[in-house]
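What follows are several structures.
Each of the next two complexes has subunit A plus one more chain, namely subunit B in the first and subunit C in the second.
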Partner chain A sequence: MVNDLGQLFTIEGVAASMIMLFTTYLVLGATTVYTPGDSHISDMQLEQIGTDALNMMNTPSNCTSTSCVSTLQQIVSETDTNLSAANSTFNMIFLNYVNNRTESMSDNLHYEANITFRDTTDGPNSTTISSYYLASNRNLNGVEHPVRVTEWVIIGPPNFPGIILPPGAHYIAQPRAVLVEVLLWRD
Partner chain B sequence: MAGLSDDAQWIVMMGFVVSLSFFFLALLLNQSTVVGQTTAESVLDFPKNDIRDVRSVMIQSAELNATGQITGGQYATIQNDIQTLSLSEKKAVVQYQIINTNPVWLSIHYNNGVTSYNETYVSP
Partner chain C sequence: MIDDAGNLSIDFLVGFTIFMITLIYVATLIPTLFIGLKSNSIDYDAVAYRTGVILAEDPGMPYNPSWETLPNTSDSDILRFGLALSKDTPNILTPEKITRFFCTSEFVYPSDYQTRAVFGDYPYQFNISLQMAGSNVTQSIGDVLPDQDYGYSRRVIKVKEHSNATLDFSNFNVISGQPASNLPLGIYTQNATNQAFSVYFNYSYLLTSGPGYNNLAYQINPLAPSGANGIIGGEGALINLTGLQYLPQNTGGVDTTVNLSSISIYKSQSEAPIGTGQLPFVGPELNSTNPTQFLLYIDGNTTPVTQLPYPVGSNISLFIPPGLLSFMGGGDSSTLLNITMQFNLTDGNGNPQSDWYLNSTQVMPDGAFEYNYTNPNITQPQLVDGVMDVAVW
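Take a look at the complex of A and B:
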C-alpha cells in the first residue's frame, strides 16, 4: 500500500537542495584563481608607475636661455661617450622614482632598459631597427611577468651638438628620435 | 493530494524566500570579482600612454623645426624615426604633418588597428 502523503515536502526538499547546490557552485566559482597571465590589475598599476617615472625623467629641467634638456635626454646622449655613467645615473634616478614610498619600506621593482633607434648605417631612409643596452638592476630570467613601458626622447642638436655613436658603432648623426624601452616587474 | 496537510505554509514560503535571497547574493559576489579584472583589461588595451607619448614627441619636433632649432631635413629624419619605430615597436601607424608654422598647426594621426586618434594641434 503506497501512501500518497508528503509530495509537497518532497518537492520542497528537491527545490531547496537544487538551490543550495547552485549557490555553492556560484560561491566556489567566485574565488578566482590568480595566474600570472591574469593579473591585469597589478599590470595596469605597474605600467602607470613606470610611465610616470619615465615621464618625470623626461621633463625638461636644466634650462639655458635657448633650450631645455631633460635628465633622460642627458642620459641617452651620455651613452655615446660614457655608458657606465649613463647606466648608473639612470639606475639611481629610475629606482628612486619607482621604489620610493611614503612609508619606510621601499617597493621591490626591478627593470631592464634598452634604447631602440632606427639604424641609418645603410642609408638615411633605412628602416632597420637596432637597440642597445642602457641599464638594469637585475636580469630577467623568464619567471617574472614584466610590463613594457616606453618613452620617446629626441637627442642631438641643438641640445647636444655632438653625434651619437652607441656601443656597437651604429652611426647615427643628426638630432634623432629614439625610444627608451623599460621592462618592469615586481618580485 | 488527499490528506496533504496545509499547515506550515509560512515556513515553506520563508524557506523559499531566504534561499532565493542567498542565490542573488551569491550571484552578486560572483560578478564582483570580475569587475576589477575587466576594467583593468580595458585600461591596458587602450593605448593612452602611447598616444600621449608619441603626441608629445611629435609636437616637440614640430616646435623645434618651427623655431628654427633644427632644419627641415633634420625634422624629416626625426619624423621618419617616429613613424618607423612606432610601426615596429608599438605596432601602430602614426603620421603627422606641419600645416602652419607660426603658430604651429600640426595634424596628428594614430592608429593601432583597434584605437585610432586624430588631432589638429595648435600651439598656445
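Take a look at the complex of A and C:
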C-alpha cells in the first residue's frame, strides 16, 4: 500500500537537520574563544609599561655629588606635607609616561595609585602598616581588568609620615622603604 | 504487487546523502572554529617583547669594545644590537648606540636587524621607533605599520646626554689693560703675549667619584666604552667659552688680535699635581695646528676649524669627540690628561703684544680648569625621557 508517511518524515528530517545545522553554526560562530594566553599577553604589555613608568619615575634625571633624588621620591615625600600637589604631579608625569607613544595618537590608560609603608607614629619599633591613596585619574568600578605594578621607593629621613621621635628616643631616623602600588587598566 | 520497499531505499539514500553532506560540511567547519587559537598573534607579541627587552635592557654584543664603536667595515662582528648603557642600567640608553642603530645607510632592513635584534627563523616584518619627550622627531626603522594583527611592545626609556662645560665671560665687568680677580676659577691672571687655557681630566677621580654611588648613568666616564681603532666610541666632552670679546683686548689703546694657535694634549699616569714643582704631564702627546681630532667651532661658524692659527672673537666650542678621551687614556684609569689651547696675542701688524687674556695656568691647585663633578660651570650628564615602540607582524 502506498502512502505518504515516508515522504513527510524525509522532508521533516531535512528541515530539522538544516535548522539544527544552522543553529549549531550560529552558536559556534558567535563564540569567541579567548584563551588564557591571549589575556596573559595584554596583561603583560600593561605590566611592562607600568613597571617601566614607575622605574623611570624613580630614576633621577640628574645627580650631583650632593643630591640625587628621583621624581617619585619627591612625590612620595611630598604626600606628607602637600597631598594635592603630590597628587597632581604624579598624575601628570605618570600619565605622560604610560600614554606617550611614538605615533601621533597617544594611548588611553587609566590608573589608581596607593602607597604603603610601616607607620612609626606609635614609635620606632611599631609594626603597624599604613596605606593611603596617592593619585588616580579614574575610579576603579569593578568592570575593568587592571594589572598591578609596584615600585619600592627609598625616602630619606626625616620627611615621611610616622617618624616622630618620642621624648628621650635615641634612635636615628633612617631611610624608609615605601611601596608605591598602581592598578593600571585600558578602556 | 506494489509495496513500499522502494520508498525505504530512497529514504535511505536521501538520509545518507544528507549525512555525508553534513559530515563534509562539519569537517570543513571545524578548523575555522579554532581560528582564535592560532599562534601567530601570540608569537608576534612574544617576539616584540623579546626585541624590546634586547634593545632596552641589553648593551649589545660585543660589549668591549662596544658594538657601536666598531668601524663600518666590521659590521659582521656585531652579533647583537642593544641600546642600553650597560647591563646594570636597563632602560637607560646611549645616544651613540641609538644613532648607529637607526643608521639606514649602514644597516639594511630587514636582514641586518632580523639577525641582530629580532631573531627567529620566521621572516618577521617589524617597525622599531623611538621618540624623545617633547620632540616631534621620530627615529624609526622598518615597514609601515599595518592597521591590525601585529604584536607590540612599548618601553619607557631615558637617554643619557653627556656632560658639557660653559664658561661665560660676558657677565664680568673687566677693565681694559687690567687683570680681574672675579673671573671663574681665577682664570685670567697673566699679562703676556702667549696665553694658555687648559682643561684637566683626572680619570681616576672621574671613574670613582661619580654621583649616585658612582652610578654609570651619571658618571663622566672617559674610558668606557672603549673604542675600536682609538678614535670612535666612548664618551665625549664639550667645552664652550663664550663672551670672550668682553675680555680686555685693548692694551694701551691698541687693539689686540687674538689667535688660537694650537691645541695640545699632555698626558701622565702619575698623581703629581701641577704646582708642586714636579712635572706631572709629559709630552705633548699631540700638538696640533690642524686639530681634526676635535670638532672646533669658533665664533659661531658651523664649519669646524681645521687649520690653526685662527682669529678668535667672541666664542670657542671645543668638542672632544667620543673615543678621544678613551684613546688617550689607553685603558689606564690612572691617566691624567691635560688639553691646552694656546693663544697668540698680536697688534694689528702681527707683532706680539702682551695683554690680559684667557689664562688658566695660575688656577689652583692644578693650573687648569678641572672637568669634574663639582664645578658649577659644568652641566653634569642628564637623563632625558623617551619612548620606544616595537611592532612585529
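One rule holds for everything that comes next: the second predicted complex is superposed on the first by the 129 of 187 C-alpha atoms of A that agree within 3 Å, B and C clash if a C-alpha of one lies under 4 Å from a C-alpha of the other, contacts with A are read in each partner's own complex, and residues count from 1 in each chain.
Criterion: contacts are C-beta pairs under 8 Å (C-beta built on N, C-alpha and C of every residue); 3 or more make two chains touch, one makes a residue touch a chain.
Only a predicted model underlies this, so the values are computations on that prediction, with no experimental measurement involved.
Contacts of A:Ser61 after superposition on the shared chain: subunit C is touched, whereas subunit B is not.
In the overlay built on the shared chain, the residue A:Asn108 is in contact with neither subunit B nor subunit C. When the shared chain is aligned, no partner comes close enough to touch A:Ser88: not subunit B, not subunit C. Once the two complexes are laid over each other on the shared chain, residue contacts for A:Val178 go to subunit B alone; subunit C is not touched. Legend: residue contacts after superposition of the two complexes on their common chain; A:Ala16 is shown touching subunit B, with no touch to subunit C. In the overlay built on the shared chain, the residue A:Ala53 is in contact with subunit C alone; subunit B does not reach it.
By the touch criterion stated above, A:Tyr97 is placed in contact with subunit C alone, subunit B being left untouched. Contacts of A:Glu151 after superposition on the shared chain: subunit B is touched, whereas subunit C is not.
Note: residues 6-7, 32, 38, 41, 44, 48 of subunit A belong to the subunit B contact set and to the subunit C contact set alike, using the contact criterion stated above. In the complex of the two chains, the subunit A residues touching subunit B come out as 4-8, 12, 15-16, 19-20, 22-23, 26-27, 29-32, 38, 40-41, 43-44, 47-48, 51, 66-67, 116-118, 120, 124-125, 127, 129, 149-154, 156-158, 174-179, 181. Within the complex formed with subunit A, the residues of subunit B that make contact are 1-5, 12, 15-16, 19-20, 22-23, 26-27, 29-30, 32-34, 36-37, 40-41, 43-44, 49-50, 53-54, 56-57, 60-61, 64, 69-70, 74, 77-78, 80-82, 84-85, 88-90. For subunit A in complex with subunit C, the touching residues are 1-3, 6-7, 9-10, 13-14, 17, 21, 25, 28, 32-35, 37-38, 41, 44-45, 48-49, 52-53, 55-56, 59-65, 68, 96-98, 100-103, 107. Within the complex, the subunit C residues that touch subunit A are 2-4, 7-8, 10-11, 14-15, 18, 22, 25, 29, 33-34, 36-37, 41-42, 45-46, 49, 52, 90-92, 129-131, 133, 138, 140, 145, 151-158, 209-212, 215, 217-218, 373-374, 380-385, 387-389.
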